[in-house]
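Chain naming follows the written order as A, B, C and D, and within any one chain the residues start at number 1.
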Amino acid sequence: MTEKEFRTWAPSAPMGWNSWDCFGASVTEGEVKANADYLAKHLKQFGYQYVVVDIQWYEPQANSSVYHQFADLAMDDQGRLIPATNRFPSAAEGHGFGPLAQYVHDLGLKFGIHIMRGIPRQAVAQNVTTAGGYSARDIAANNICPWNSDMYGLDMSTPGAQAYYDSLMALYASWGVDFIKCDDIADSKLYGMHRSEIAALRSAIDKTGRPIVLSLSPGPADINYGAFLQEHANMWRLTDDFWDTWRQLKGMFPVAAKWAPMVRAGNWPDPDMLPLGAIRQRSVDGGTKLPHTRFTVPEQKTMLTLWSLLRAPFFLGGDLPQTGDELALITNQAVLGMRQDITEAHEEAATDTLVTWQAQSAAHHYTAYFNIGEDEITVQAPAAPASELWDGTALTPDQPLTVPVHGVVLIEQQ
Amino acid sequence: MTEKEFRTWAPSAPMGWNSWDCFGASVTEGEVKANADYLAKHLKQFGYQYVVVDIQWYEPQANSSVYHQFADLAMDDQGRLIPATNRFPSAAEGHGFGPLAQYVHDLGLKFGIHIMRGIPRQAVAQNVTTAGGYSARDIAANNICPWNSDMYGLDMSTPGAQAYYDSLMALYASWGVDFIKCDDIADSKLYGMHRSEIAALRSAIDKTGRPIVLSLSPGPADINYGAFLQEHANMWRLTDDFWDTWRQLKGMFPVAAKWAPMVRAGNWPDPDMLPLGAIRQRSVDGGTKLPHTRFTVPEQKTMLTLWSLLRAPFFLGGDLPQTGDELALITNQAVLGMRQDITEAHEEAATDTLVTWQAQSAAHHYTAYFNIGEDEITVQAPAAPASELWDGTALTPDQPLTVPVHGVVLIEQQ
Amino acid sequence: MTEKEFRTWAPSAPMGWNSWDCFGASVTEGEVKANADYLAKHLKQFGYQYVVVDIQWYEPQANSSVYHQFADLAMDDQGRLIPATNRFPSAAEGHGFGPLAQYVHDLGLKFGIHIMRGIPRQAVAQNVTTAGGYSARDIAANNICPWNSDMYGLDMSTPGAQAYYDSLMALYASWGVDFIKCDDIADSKLYGMHRSEIAALRSAIDKTGRPIVLSLSPGPADINYGAFLQEHANMWRLTDDFWDTWRQLKGMFPVAAKWAPMVRAGNWPDPDMLPLGAIRQRSVDGGTKLPHTRFTVPEQKTMLTLWSLLRAPFFLGGDLPQTGDELALITNQAVLGMRQDITEAHEEAATDTLVTWQAQSAAHHYTAYFNIGEDEITVQAPAAPASELWDGTALTPDQPLTVPVHGVVLIEQQ
Amino acid sequence: MTEKEFRTWAPSAPMGWNSWDCFGASVTEGEVKANADYLAKHLKQFGYQYVVVDIQWYEPQANSSVYHQFADLAMDDQGRLIPATNRFPSAAEGHGFGPLAQYVHDLGLKFGIHIMRGIPRQAVAQNVTTAGGYSARDIAANNICPWNSDMYGLDMSTPGAQAYYDSLMALYASWGVDFIKCDDIADSKLYGMHRSEIAALRSAIDKTGRPIVLSLSPGPADINYGAFLQEHANMWRLTDDFWDTWRQLKGMFPVAAKWAPMVRAGNWPDPDMLPLGAIRQRSVDGGTKLPHTRFTVPEQKTMLTLWSLLRAPFFLGGDLPQTGDELALITNQAVLGMRQDITEAHEEAATDTLVTWQAQSAAHHYTAYFNIGEDEITVQAPAAPASELWDGTALTPDQPLTVPVHGVVLIEQQ
């Protein structure tokens, strides 16, 4: 009863696929379906279930991860953004994402979309009448997102602002949306966290009666508001966009450490998507034009281990039909099992070269040794019976273990 | 030759009247003329010459100092704001401020207007074609003023942005504008100082061939860019808006002290308008509804003395036809003469209760004792012959002098 | 095993008495004993057990809460501070706090002391030889506490620094110390949190084999290091010193809300002592000379409710033999029971006038309505059976409840 | 009369030699004399006249630029530091720097020393009686320098603190000191600028009757206190210590630009010593062990040009008897003449690769083109008759001029 019901909607950290890392702002219906098909066939049995269409699905001209400043957007007569039908043909005739959500649901999966905080700039320019008979200019706030020109914020002190968010969530719920990633809200760069709009979204979703998981972006979210986030959202971003560079992966260690105490069922601090496999098919972000992840195999295991210890969301960023060797890593049952079962995890120690985490489940104790330096490190196996979790190899008591550069050794004990 | 020519356009600190403190965003042509008439008749001989129409002259519905969010504005087909003809009838038929400027010039005065940094939001919404054939959406920057929703900034890295500012200054020069107060540019609150746009304005004005004095707002301008400002503008604001409270006046002392070294001919650091007399006729700012200044006479003398020692601009804020007893103060020839003649002034000492400034002219040495505490203070007259400048009274050597609470004693020596 | 053992030493949040609020830096042995006697007789059965001697017990001349700059201190030949025997006669002949600790233990209570981070200034001046044969000047760091001149920090990169802390904890353990409040370490004002010294203290205490509870001061501790604190300390301060003003009590609400997720067994975020009863007997802090708390009864209940919901330490600040009406409040079994039993608590909502917290125990659900405004507020009792916890009165379903100004209504439901 | 007299003591920016860059904290009397001899013989005629002994001359064991934490210092019975006689034999028998100053004066030069803000730590430990009968512990402030452990600050609100500074300056004046470089005062890292101690030094020097030039260190001084500095000191540092790296030299451009308006006779913003020639003879700073400057010839000319345009102090950092090819640069009469004669200089324009300064003297106009990029740049000579100042070559009107990488072309026009 005191428990927030929305936390039960994501009892374990969500897993799935998100279109941003591979297609930027430009994913199409066909690509979404192809990724959903792959997810259903190869990954669903491991817990992956969300298919999320990221930003600009309402912009007809979107063609990469570069935003078109002041672009015209697809919008209904209440100022709500709707899918661009040139990119999402099934959305024609006012169907919105209903047909695509149905396709995803029929695969036994869940469907998610990205939204930007606020009301479209063009709704304000046209001064459309919004839900409840308010006018866009009266409910809009004179604040913007600094990196995307599509929206104005909403002034939650005006009566129509909540009505607008309510109408937005009602529309998206009517389509069958299961997951909302709201952007420009957890750390808005110019204004910090938009708490009044987060609270408004929470309220609007709860009113729909549909268990829509709420994810907040971008980071870094301010941990001074960690308790607030726990009361209002299922996921929130811990850093700005994460890409496949060692510098960023290394930088995630202290961030994960500090947020670990805030993890609990239904509240999943989010270190962002997993930039694995065939990312950057049309996205041009990440500082390179390479169409595949630059992470080495040790780095991939490091990332997946850290995310698992944090019990973080697993959203795959690559084009799934092109999945390669990383398949074995993202479906490692032992590691996924640890991620599921641990109830406490924390950074035990950290030097410039070695970071140690520990965690506990009902049955096991886990220790991860991360080599964040540039030379191999040797650590020692426990005196008691143990195994290395990624490989499943049994360890001899006290045996020396080599931790490769940027890699990890993950030990499970009884 | 190395000297910036624009500095010769304001060889002494500008004096005049500005519509903001009395009429907020809503001044009308009739009110401007009435104030110009008064200025010409009663104040011109003391050096007052600028008549400045402050913000929102392009907004038909403006009626106080409260901004109407996302309001429709009067604009020409190149995206340049023009006077609202319901408020400025002489601007009809495309005359802009030409006729009003002519009226002011005929009085032997100069005419100024306020502008906001950037390009109107509605020019971007309509995507108008701007000077040189560019489109508004291509030259606009996705940045805004946080306290007024009328504009977007300009992206000076795009080729059409300078062309737009050039076209704007050309239009305003064609009207006969002598003074531009550009707002949201010296301290934009969200983004700091917009230096590239300041440089663009400097360039645009210089191209007009008309000696338009450039004043930058709001403050606090960052003194780390004081040298930059000296190279680009005639005036810049030292604080946010100044109103008639002792707290603000007291707060100006350290600010004036720190900027004093940056004063030189053509460069006039600006502590803002003088909120004297019949201010707040329709402006609702300043934290009160009182239609006259709350400054006591000692405070008025303190303000005028500090502004004079700083050689600061004197822009009267009250409705001039209602000028009362303050007339004697703002026309005190001795004080105005000191302001004109001193070439160095500085804060000599400052305690919690007493601030001392000194200054030097070719003929005289000046000392001001400001009582910033809440009890009368006694200071001593110089040993040498001297007089109190406000009263013109001769002082006996070493005589005790009472400095009233919040007041000043201003001493002139040979 | 993964669990930090030190957390088991404080399985519930410590309760007791601390000498600071009443005696400042000047408490004497007799006063400590008198307070311990009272605690044993009247409060032990409610869970109060710690008797803590606060700062400057090593300074012979200490006589209030004002520090004597560069004072001479009682110190042993290894540079460790020892009790001033003029104030603590039983410490003579090298007994340290052993006899006083024994006295407290004999009452069935526990004994605690305050220490300052680092090594005494005078040990550095004399360059004493510290534990392990190091010299004070080699292990000291050139950093200080800005509000107390007694110490230098320790340079944990030098080999002798840990040895010094080990020797310090060994000495204090040998006296029978059960609780250490280390100051100038959680927020050192000049340098932020001294994490390497916190880790050194953790290690030094663990080596003693004695379960000494570790409390870190002053605040505000930075929640970005909340996870670090959970791994190293039992208590840490959330704000700077807390006194009996409504401004400070009101300010604790958002702080408590943000730290609530970090509370767990053995980790007790600390909003500071309870300034109740006969405080300021010789302390001159808190902004008044009044020798009793200024908190009204509603404010006292508000404070105790908020501290209880946060499951915070309860350290009484007043001279206990002078305890008055507050006795009923600090021994309210129902409230203390809630504090003991709840496993989750959070701020549910907050406006400018009303703050609502909720919590849950195995058997009950709790709601607290805090009136932080200046007018009475009426809230509604639950529809289900409930009672007001402070009074024990049964509530009629949906009955209106008056929350007094600065007061609280605390409701328990099945 | 209003003019501060101390400004007349340094009517042009001081030039000379300082021991820090070559000998760190460890210079000896012999080395000082050898450098003074060279200065007198080879550089005096170009305006170089100050010989300055930098930090730790009171520390017997000083042997490089590394400080010895908590070292014992040579001190008189009033707590004033005096020369270590093992390093400065002529200081024996209480002569202090008198004999060395006399030696320097006899060469027609001036003598300077470095001091640290405050009172020695060991004077506080010993609680010596200071001038006027105060005790060190009463006048000391509990604040320190974070990078040198020798001193405590002075609490200027205590009556004896000014007396101490007065006694210190009196002693140093009695030795014949002409120049004081006071450290840990202009930007104290922990506490910002120590304005009350700066004012105390100003007062103490003025009382001596000796025209001792006052230089404040380290930087960056805060330009918000630029006016204050003008009223109290002759020189103040603009950055932290400057060494022979392009990164630091490049970084000086915006700093010089912003301080240029604060330059006036007697007030000389200071970009620090010139790390030319045989620096690092025993100093181990600057990030290398190389015993000579790493600056290329173009970089040396860039540095000297920028310093000259700023009319900055010229203090040579190398061991003068080892002076090499840089002699021609530091004695270029045309450049030194420009430095002497210009009355206004400013940064005219700055891009990522090209910085342009302009200046004016009675007879000439100067333009400097600095290439701060990594490729050669071509600029154009003026249309009017002109010459390149470093080389003295006459320029053909409009001829193309190559600015070498990191170098400068400095043009003089009539």
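In the analysis below, a residue touches a chain if its C-beta (ideal position, glycine included) is under 8 Å from a C-beta of that chain, and two chains touch if they have at least 3 such contacts.
Heads up on the chains, UniProt names are A, B, C, D = Alpha-galactosidase.
As the structure is a prediction and not an experimental result, all values here were calculated from the model.
S.K.: Give me the superposition rotation angle from chain A to chain C, based on Cα atoms, as a multiple of 5 degrees.
M.R.: Between chain A and chain C the superposing rotation measures out at 180 degrees.
S.K.: What is the distance in Å between the mean C-alpha positions of chain B and chain D?
M.R.: Comparing mean C-alpha positions, chain D is 40 Å from chain B.
S.K.: Could you tell me the distance, in whole angstrom, between the mean C-alpha positions of chain A and chain D?
M.R.: 55
S.K.: Tell me, which residues of chain C touch at least two other chains?
M.R.: none
S.K.: Determine the shape of the graph in which chains are vertices and touching pairs are edges (line, ring, star, complete, other).
M.R.: Shape of the chain contacts: a ring, since each chain touches exactly two and the loop closes.
S.K.: Pairwise, which chains touch?
M.R.: Every pair of chains in contact is listed here: A-B, A-C, B-D, C-D.
S.K.: Touching chain D in the complex: which residues of chain B?
M.R.: That would be residues 1-3, 223-228, 230-231, 257-262, 264, 344, 346-348, 358-360, 365 of chain B.
S.K.: Looking at the complex, which residues from chain A come into contact with chain B?
M.R.: 69-70, 121-122, 124-125, 127, 137-138, 140, 142-144, 146-149, 190
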